[in-house]
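Input: structures, listed below.
What follows is a pair of complexes built around chain A, which joins chain B in one and chain C in the other.
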Partner chain A sequence: MQRIFLRGCAAGFGLLLSAAGVLAAQAQSVSHVGNLTGNAAAGAREYRRYCVGCHGQAGDGLGENAMWVDPRPRDFTAAVFKCRSTPTGTLPTDDDLYRSVTRGFVTTNMPSWEPLTRQARANVVAYIKTFSSRWSQGPGTPIPVPPETPATMESILHGRQLFQSMECWKCHGAAGHGDGPSASTLTDSKDNPIRPYNFASGSRFKCGDSNADLYRVFMTGLDGTPMPSFADNIQPNDAWDLVHFLRTLQPMPSPEAALWQAWLPGHAGELKPIGPD
Partner chain B sequence: MRSRFALSLTLLALTASLTGALAGPGGNAGSVSGTVTFTGTPPKMRPIDMSKEPSCAAQHATPLMNETIVSGPGNTVQNAVVYISAGDQPSAAPTQTVRYDQKGCEYLPHVLVMHAGQPLEIYNDDQTSHNIHPLARTNPEWNKSQPPGSPAIKATYAQPEFIPVKCNIHPWMHGYFVVLNTTHGVATGNDGKFSIAGLPPGKYTVTAWHEKFGTLSQEIEITGSSAATANFAFKALPY
Partner chain C sequence: MTDWSVKRWRTLLLLSGSLGLATNLAAMGPAGDLERARYAMYVASLGGVVSTPTEYAGDMHANAAIPAFARKYNMPCSACHTAWPELNAFGQRFRDRGYQLGNDRDSPIWVNPSYIPFAIRTTPGWRMERTTNQPVDAGLGTTEKTITQSGFDISGADLLMMGTLYKNITFGFVPTIADGEGVGIEAAFVRFDNLFRSTWANLKVGKFEMDNMLSEKRGMMLSSNGAFYQSYHFVAPGDGTTFGLGDNQIGAEWQGHSDNSYTRLTLAVLGGVDGTPGLPEGKSYDGMFAASQAFDMGNLGLQRIGLYGYLGHRPTSFETVGGEPVPGTGTDNKPFSRFGAVGDFFLGNLELIPLVMHASDDKDLAGGTQDATWNSGLLEVHYYVSPQLVFTQRSEIIRMSQQALPSIPDHKGNIDAFTFGYRWYPIMFSRAGLAMVGELSFTKTIGTMPLSGDGVGLDPLTDDTAVKSTSLLIAFDFDF
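This part shows the complex of A and B:
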């Protein structure tokens, strides 16, 4: 009798738990992007039409096209994301995911989904967050991005020193061609080979093309890749110097590149080459 | 119904705290010890080429060998983790910090055992930058750079997990964080020996884990302050 009683208790408790689980899942399956509220149930419909081919029914990045796609589609069940405004090891904000869906990722198979309505994209973001229980924690706190310092020759040269001392060149190469001594050994967290960004390729940055986006890349790190966070090691002013220098490595026109190209011919001999001491 | 459930919970908690009190130092607690070995032919470990990082290469008189399998005389296995995987009382995270060093482009220790929630500090003792990239799956995955002379990176892991750690700049650097939900876990030394003390009487599952060999488990029973023995022999498969 007593045993039946206890069993009843346990079953009741289990029911309560599962009810709580369902509630939690519902609570996490909305997104807030600006004045929009994304709804996961609606997002599921968009997902099944547009995303499932690569990201898969289960969100594990194993859709039927996945094996022909390099880099591999994101596995949403791992809940690890490259482009974030939040510190390394934390989840991105809804805005971060929304911007990724909207922007797409250059040099990959992920297109821009701007043709979908803003509401549809917000819905998809809400649905993506149902694939991992990690979303019950909520996103990290976005790192502060202080106002940009003026892009001067002094700032660029200091950024160049940081490129040397922070050992960016070990992967990205002395000229930023993505050919540093460690470049050929790099793998992502799923053991797939991965290349460091080649600044000379002329492609935009994966996580957005503004100076602030570039600032965020090395302060937050790109989780799931070899790119670490430098937030503990680079002060904000120094970080802007590094941003200004990185712009000079790119072939497209920018105020920083213009300054650099005007300065370089008269001063090339003053520069200590980047690389091992 | 609810009150009876609450009562049984309270009783459970009481028993747990009583047994916990009994297991104090000098109390009625047993231990388990043994040796971890392997049989068969292990893969040959090769020397690591550190020529791309001269400041690290200079710290090793003879080249450092790959540490996937480290063994002593008599085929003993170093860097295996032996722990109580079932039967243990729930334990709180110790407050003392565990330390992980990067020295000579090598992780010291190669396998670091800690309790879930225990404070962890990671140091860079080298003249070169490292990035610490623990490839956690259950816990959040993070990746931080640590230039020479920068302060220790502080972290904790809330969930038990076996986490491979790597440095992407120096691809030969591999290690493990072994996060357990028991205080009864140790890594073996070069002699393959381990000893776990402070076990109150009861039945336990002892598990030995090794990054290459996998896991082995066996059941033991502690009565009074008995000293149980558990030896583990991994099979090294030729490949």
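This part shows the complex of A and C:
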């Protein structure tokens, strides 16, 4: 009788521990996006409907479609994210993840999920955070984005010089087509081949449409890819100049591209080609 | 379904075209008994001609769920469908964008060259159809009996070819095949998307499903009675207007939408032929509009309300040669209209879709001394247990408010229809789809044959008789 009692106590204790574990997991499995609180349990349903085919049941990026998708789906168990407002090596904020879900990633298989309700997207963010214990440490602190400097020809030309001196061209190519001499050797953190961004092909940048979004890419880097953070190597004003130059490589209309197109015909001969000295 | 309901439509149109339409229009057609008789014969033949392509317009599958898109984009059915074939908000935007995700990878140049934007859908199964009060011979007279049929059957097949020719240029081509019915073209169009870099400028030309917020082509129900909306195809007693709001039409459509497709607006100019190619009637044009707005209601989900309208014209007289009407010379166009509102409301996993409509046919089209008018309403309910199991129910009524002839009983033509069903998807992935379907559907029509059901499909002997039709369907709906 005593043995049965002890076994019952042990079983009860086990159940309590399990319940505590579930509660603890749920406690961390929320997201805060504006005035919304995302719920992981609800997010699991959305994830099953929309995300599981690529990202997999376990969130490991090994969904049944993963082998057909290039670039490969994000592995949420690693909790390494490209598009962040936080310093390199840190976790993104809930807002960062929410924006990624909402925006999608141009030139990849990840679409914009903007038609989903805001609550549904916040729920998905909460659920994504259940796949890795890294989330127990919390996100990094968003980097400051200083006011943008004026987009002038001087700024664009200085950005062009930086594109040369910082050797951006080695990966992204002289014309920004993603075909630099190092491009074919690059791999991501999972040893999958990865292509540098082709500025001429996309209608927008992967991490956002605005110049501030592009600024953040320099300063935070794209974790899990060869694109490093330049926060320790570049001053904010220089970073804005680089942003202005990169806008001229894109096919869409922009103030920087308009300036460049107006200036270039009379000055093309003055430009030193980008590439090896 | 291609076979099942199409048979009803052909019968209906042949009967209405050959009998009611001919008789009624003959009475008000060109002057002179002989000319009226010839005109009636022409209209009757037109009814038969129209029935041939229209039987494919009655196909409830076409334009439904298209796993070719799932294969192209490596996404499961559930990404675009609440439960296929019904679109969810994400699928609606995908469609509004011209079947493009908008990730700069939509042009065929980005797809494996062996990819073909082709899918097929068909439904084998078992069904039972029962219709009461069907006239049958009895000695020298006629009596009424209940006709019951049952057995294994197959639907026709829809070949769904849709995709992009180039970035922002979309095409659609949907031939349908039905055993013994031949091949028809359900849809054939080209669409220019995002003109002037605006989501508000999309132009589609060809034959296509109109932008009905409650789409019949993507309906959940498949039985003979339940596969279509009575409101979309109702014809008033004695009326011969060849039009179905659910039928694909030929014309040009301008469609605009907000970036997330919460706001949608559509205007279309359509040939007045109910989707029949060949300019058989004349110079009449129809106009259609649809507008809807969705609201983000947090945990409840996305709620959408919409308005729609259709203003059509049909000729009432033709030029003749040798006394015979000349096809394509129709004049004296008379109007008909359909206006209403529709909603799509979510309460978590419960979806409620109400629709109301007011309809009017000019007296010259309705074959009477006054316009025929009626009202209809329906409520369709879906409960999504999961993306792979949905229970469905629909209740629909149609009430005549004014008969074209005062001598016709007020309630003749009234309809009550109810459908109960489920769809279970044992597989749900990005290559194909299979649904196991169970459905029970009832209709009651007063004084007329049912719009559906697989009975004999004849009017009862008296105007007051209620004809009850029952459909039971157990089937495998697959899409590859």
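In this text, the second predicted complex is superposed on the first by the 252 of 277 C-alpha atoms of A that agree within 3 Å, B and C clash if a C-alpha of one lies under 4 Å from a C-alpha of the other, contacts with A are read in each partner's own complex, and residues count from 1 in each chain.
Note that in this section contacts are C-beta pairs under 8 Å (C-beta built on N, C-alpha and C of every residue); 3 or more make two chains touch, one makes a residue touch a chain.
All values derive from a computational prediction rather than experimental measurement.
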item: Contacts of A:Asp232 with chain B and chain C, given as first, second, both or neither; value: first
item: Chain B versus chain C as contact partner of A:Ala200, first or second or both or neither; value: neither
item: First, second, both or neither for A:Thr117, with chain B first and chain C second; value: second
item: Partner chain(s) touched by A:Val30 [first = chain B, second = chain C, both, neither]; value: neither
item: Which of chain B and chain C A:Ile274 touches, first, second, both or neither; value: neither
item: Which superposed partner A:Met153 touches (first chain B, second chain C, both, neither); value: neither
item: Chain A-touching residues of chain C, taken from the complex the two chains share; value: 73-76, 78-79, 88-90, 92-93, 101-105, 259-262, 296-299, 301-302, 386-387, 429-430
item: Sites on chain A touched by chain B in the complex; value: 5-6, 8-9, 12-13, 78, 80, 87-90, 134, 165-167, 170-171, 181-182, 185-186, 189, 221, 223-233, 276
item: Complex interface listing, chain A residues touching chain C; value: 36, 42, 48-50, 52-54, 64-65, 68-69, 104-120, 201-203
item: For the chain B and chain A complex, residues of the former touching the latter; value: 1-2, 4-5, 8, 52, 54, 128-129, 131-133, 135, 137, 140-147, 150-151, 153, 168-171
